[in-house]
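Chain naming follows the written order as A, B, C and D, and within any one chain the residues start at number 1.
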Amino acid sequence: MNAETKLSGPEILDYFKDVVEDAYVTFNFAKQWKEEYKMKLLGYYPVYFPEEIAYAMGVLPIKLFGGVGRIEPSEATSRFQSFTCSIPKTILQLVMSGSLDSFDALAFTNICDVARNLAFVIHRNYGNKFRVIYLHYPINNVLPSASKYMKEEYERLINELSQITGNKYDPEVLRKYIILGNRKRQILRELLEIKVNKPWNMPFDELFTVFLASMVMPVDKFVELGSKYLEYVKGRPEEKPVERIRTVILGDFCEQPPLQLFKIIEMSGAYILISDYIKNAIWIGDIDANEKDPIDAMVKAYVNNPTPLTTRYHPAINKHEFIKKYVKDMNANAVIFLTPKFCEPSLYDHMIYRLALDSIKMPYVRIDYEEGMTSFEQPRTMAETFFESLLFEL
Amino acid sequence: MGMDYVMGVDAGSTYTKGVLMNEDREIVALDVTLTGANINNAAETIRRKLLEKSGIKETDVKLVVGTGYGRYIIRFGNIQVTEISCHARGAHYLFPNTRTVLDIGGQDMKVIKVNERGDVVDFVMNDKCAAGTGRFVETIIKSFGLNFKDANDLALKSRRGIALSSTCTVFAQTEAMEHLAIGDAIEDIMYGVFKSVITRAVGLITRVGLTPELTFTGGLSLNPIAVKILETMLKTKVNHSDMTMFAGAIGAALYGVEKLETEKYIG
Amino acid sequence: MITAGIDLGWKHTRVVLLEDGNKILVKKYIPTTFKLEEDAERLYNDALNDVGIKATDVDYIVATGAGRYRLKFRNANVTELTAGALGAKFLFPNTRTVIDIGTTQTRVMKIDDKGKVIKFMTNDRCAAGAGAFLERVALYTQVNLPDLGNIALQSKSPVTISTVCSVLAETEIINLLTLNTPLEDILMGAVNSIVGRVMPLIRVVGIQPEITLIGGTVLNPALIKSLSNNLKASINATMDTFYAGAIGAALLGYKRLMKVKGG
Amino acid sequence: MLPDFPKELDKGKAIQAQYIRRHFSEELQKAPELKAKGYKYAYLFVMGNPIELLRPFDVFIGVYPEITSLNISYKGEAIPVLDAAEGLVGFPTDVCGYVKMGVASTYMANKIKVTVPVIGHMPEPDLMVLHYTGCQVYIHWWELYQYMFNTPVLVYDIPHLRHLEDTAKPHKEDIEYVAEQLKDSVPFLEKISGVPFDESKFKETVKITAETWDYWRQTIEMEKLVPAPYDAYFEAIYYMSMITIYRGTKDALDYYKYLLDELKARYKFINEHPEYAERFRLIFEGVPPYHNYKSFWNLFKRWGARMVYATYPKVPGMELFRFDPSRPWESEAEYMILPYCNINYKDRAEILAKYVDEYKADGVVVHSIKSCKSFSSNHGDFKEYLSKELDVPVLLIESDHVDPRYYSEAQIKNRIDAYFEALSLRAKR
């Protein structure tokens, strides 16, 4: 059925690039897959959404990227004030301009107050067009009641989705997709390892592109192409390392930084090892496919996840201990906080992590960005100064 | 008995505009001056100029109506009305079929929905973070060592406009300079400057809803490129003339005439 | 050995020729127009003529400032922060804190005894355009920018302008004008508001003497006074620190040469 | 300009002011002595806190950084505290002003011991009660204290009122979930306080709150009267402080008993003195600019406008809610789910539209603030909904609640005047 199976490594990357570019405004691939797979389309707002449940209910989940410089939210600004970040405006603009008309449902979770309010603004204005689903993830995750509650929330989700597709829930189908999802995350983790171990062998924007593709493609298709691409990357001749600073990026957990920004940071003297945006794609980790009730497995994977998430409070997690270990494991020499303009959660994480970074003398700098930024001279100057101060000896 | 006159003074942040109107709602004189550091002096100058131009006796001017940011300062002013109400009236006077008014001033940008009598039905103004539009265009043109005419000529030559922040004028200005630094053409940057302003305006217009005819008032309406971009973006004809920058002052004068009439009617 | 530092800033283009990394042969500036490269090239040639040096005698050219990438004949480029820090250190060897209030961006740098930037802060985007703000204030109040500082110094009771946004600060100033507030009080208020926006940045990097002010605002006595009042410390600011960026760039060029020469 | 009421009809504000003073100077400033006596300072949020569950232990003193922040700002002392927050603590500017000032106050008072305004004197926390109600920033805010002061955190996860099939009705599962957490938290509270829990005391407290609530509700609904006896925004904000700080005490109960009588007397008075009656009846949505509170209020007074309903005083809890002492745990849970900002926006819009009729309002004023996305981020849609779909005149203005640096009086005055000019024309038609 698909011509993609015969693609070579570089061709797969080009295909991923096309898929990603299409997932901002045009969504032609999504429409095509909607036909091909006979599935309904669901767009979900960052950060985490239980894709496996959507698939199990016959719904193809697509992560919404926002506009990222490709659309001007001129109408959406009538709903959201100037002091809100970009992604809710550009996503609302996509809704208003009809770009998302092929979608059947839009899902939101309790990541921040703006996203929360956006969900219900869309419901009030376009409730007849889309089913708006709002999930509240628990934060009291040391109590048994939290897991009980979250299971009810997932069952509510299943119920909502079955009303869209008419499909009945079958735990074995969910189990199948949990296995596929684990495979997808496995591929992504291996790619990430290559980048972390020998960063000169892969520019960060290449890694980022593959991760983005994994968020907006049918999981089986990605697993097929992704594993081939992984083999290709493993077989690629080695590049020569140059003197650059191994850098971890924090803060870009929801609003997507323009690719150009990553390029500029690497050009300024960095090897970017990881950023929150891609970290979150594999955050949920391996979900136990052998659990008796696969929904319990989904719940456990979220509730017991020991890795902090900017938007999730967890009573048992110590963020200071985490960040120290994180940069150590990455063997990083610098941290850049990439914070979206007007994004509060990102700024709060920065406030907490910088204390820990100070304690281990890890150099860091905070750089603001916006989806729609058209020039990068100020971030460039900041990044260059930062790396000049680490590289130059005078 | 002789003709009664009213004066409308629009003390804006950049320019002070004045109109002298007779009781039959005919404009007998109008003039404009830089507001500068002392609004009162500017208003005073305008008043003198209008009287000289028209040769009308001060005593025949029965009422002075102030509008604009400086409206409460004009010492010789009798009543004050906000520029929103005045621009509505003024635009309606200049183009009677006006139902939507776009005013881009130095500080604020407004879109006003008016009824067949020129009353304000609804209005929206720029977000707090999108203030200073008119000034932004002026300062950026100056900082490049150009004037409005050059800017228009350059922008009209542009093939591909450059996208600039359409909210914060300070960001937009920095971006414009940065585009210069990375070697973009000045034509395209100037186009981008006007484009970002008009994009902001179109956003506001969609909030009120565009009921034709649309009349474009305020200093920026004198820029052909601004009008051109506005018309292409809205796909509709836009009313504008060399009089539209006086809309606020004309509206103020009209309020004065109404006041006179009601007083006459009562007394 | 002669090295050149060329600072292509928004407001000013500056050139410095340095001999053996210790002697300033010439320093010049012109206001920048939208023709960044031409401005820089012309100024550079004028500087060469002034001291009768041939372009071929210059061993290394380092560009800095926002337009650094536009200078085709550069050997290297460096950011205005790194260069400014080096320049400040060159002029005032005990400098530990460097303040640069630029047209679009304000920077505060903490430096070590070698002039290397250890920590730096730039203004939040919402507080951008401090330098440009002062220019526009001069514009409405119809005073020449160079005089602004001296007029402001005459103020007895400066107004308070609290807003961080330079656009809204303008609105406030326009209103003060409409209320016929004394000019000097408005101007001093405007200067204080800029200093107020710099103070948090300075606190974050940590105040450490000596403090050196570089860039365009060294020409503004009111700003220097307000700054030293707020910091309760004296500020190094001379006509030379106006050139700190270009000096630092030239100095960096010299150091680079010495390194390759294994000196 | 609406005239001020005679003193004897305006005691309500003065009385609550005394209680506020008591809170700051007796309860917070005397922290060292009180801590020595075994008292524990529990940091709480205004919105939907379970104070009824803490009172029975007799050792917890509630600390409300939100109230500290707004009072600092109200008294004109915001700038130095904000400077400290951004300079000494290192907050970026885009962080909520409440968080900045709250954290900076505690930090200054306990870590670097610099002089702070009287009201800024925040005791070091013994317990952070993280009741995650209607504001995502809450979790980040308390987390900062957790890492800056190593304070134990007691978490209550409160689901957003997200069900779209019915308006502002908490679902059974959510109520059970929260009630269960309340019960689960008792051992922890016993450990921190060293006092055994007495359920009968808890029931008693809920009973007092229930009564208090009933009086508070009656004062709110009084505003349906024409002319309106008080300003349901600018005055109610003073009145509400008792429900926020002293809820569950006899003092609060007596206060609202008194207040109701005062306002009844006012109503009688206005009917005899028509010059006190409002010219415009408005509904206010949003948080006030505390730094310019009175001058901002005057911008409305001078047009003879009085607010007859406002959403902000409903942040501690909606009047549509009733405490039920017979089922204290569930009732407390329901209360924690139902504050205004925890109700989904679609329901908020419907509620507001309903009140425009019930309170015979001429229009709606929306004050959108940079700091509070929970309250403000959807305000544009409020305007769209009310003015386009329901033809209600809406004024939308922006600034910040505690940060005067985001307030531009000239800009706001201009908009307000234009709004009333249009309202006057509308009235003529």
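We adopt the following convention: contacts are C-beta pairs under 8 Å (C-beta built on N, C-alpha and C of every residue); 3 or more make two chains touch, one makes a residue touch a chain.
Note that the structure is predicted; figures quoted are calculated from it, not measured.
**Q** Chain by chain, through touching neighbours only, how many steps does the shortest route from subunit B to subunit D take?
**A** So the least number of steps between the two chains is 1.
**Q** So which chains count as neighbours of both subunit A and subunit B?
**A** Both subunit A and subunit B are touched by C, D, going by the contact rule given at the top.
**Q** Report the chain whose CA-based centre is farthest from the CA-based centre of subunit B.
**A** Comparing chain centres, A lies farthest from subunit B.
**Q** Quick check: more C-beta contact pairs in A-D or C-D?
**A** Answer by contact count: A-D.
**Q** Between subunit B and subunit C, what is the separation of their C-alpha centroids in Å?
**A** Subunit B and subunit C have C-alpha centres separated by 37 Å.
**Q** How far is the middle of subunit C from the middle of subunit D, if each middle is the mean of its Cα atoms, in Å?
**A** The mean C-alpha positions of subunit C and subunit D differ by 46 Å.
**Q** Based only on mean CA positions, could you tell me how far subunit A sits from subunit C in angstrom?
**A** 40
**Q** Tell me, which residues of subunit C touch at least two other chains?
**A** 66, 104-105, 124-126, 165, 168, 171, 174-175 - these are the residues of subunit C that touch more than one other chain.
**Q** Going through subunit B residue by residue, note those that touch at least 2 other chains and give them in order.
**A** In subunit B, the residues touching two or more other chains are 69, 107, 127-129, 131, 168, 174, 178, 181-182, 207.
**Q** List, in ascending order, every residue of subunit A touching at least 2 other chains.
**A** 77-78, 81-83, 341, 377-378
**Q** Line, ring, star, complete or other: which describes how these chains touch one another?
**A** Basically all the chains touch each other, so complete.
**Q** List the residues on subunit D that touch subunit B in their complex, please.
**A** By the definition above, subunit D touches subunit B via 380, 383-384, 387-388, 393, 396, 398-399, 406, 408, 410-411, 414-415, 417-418, 421-422, 425, 429.
**Q** Given the complex with subunit D, which residues does subunit C contribute to the contact?
**A** Checking each residue of subunit C against subunit D gives 124, 126-127, 162-165, 168, 171-172, 174-175, 196, 199-204.
**Q** Can you check the complex and tell me which residues of subunit B touch subunit A?
**A** The contact residues of subunit B facing subunit A are 127-130, 162-168, 174-175, 178-179, 181-182, 199, 202-203, 206-207.
**Q** Along subunit D, where are the residues that touch subunit A in the complex?
**A** Checking each residue of subunit D against subunit A gives 90-92, 94-96, 130, 132, 135-137, 139-141, 143-144, 147-148, 153, 155-157, 159-160, 162, 164, 173, 177, 180-181, 184, 344-346, 349, 368, 370, 373-374, 376-381, 384-385, 398.
**Q** Which of the residues in subunit B end up touching subunit C in this complex?
**A** 11, 13, 35-40, 69-70, 72-73, 107, 128-129, 131-132, 135-136, 139, 142-146, 168-171, 173-174, 177-178, 180-183, 186
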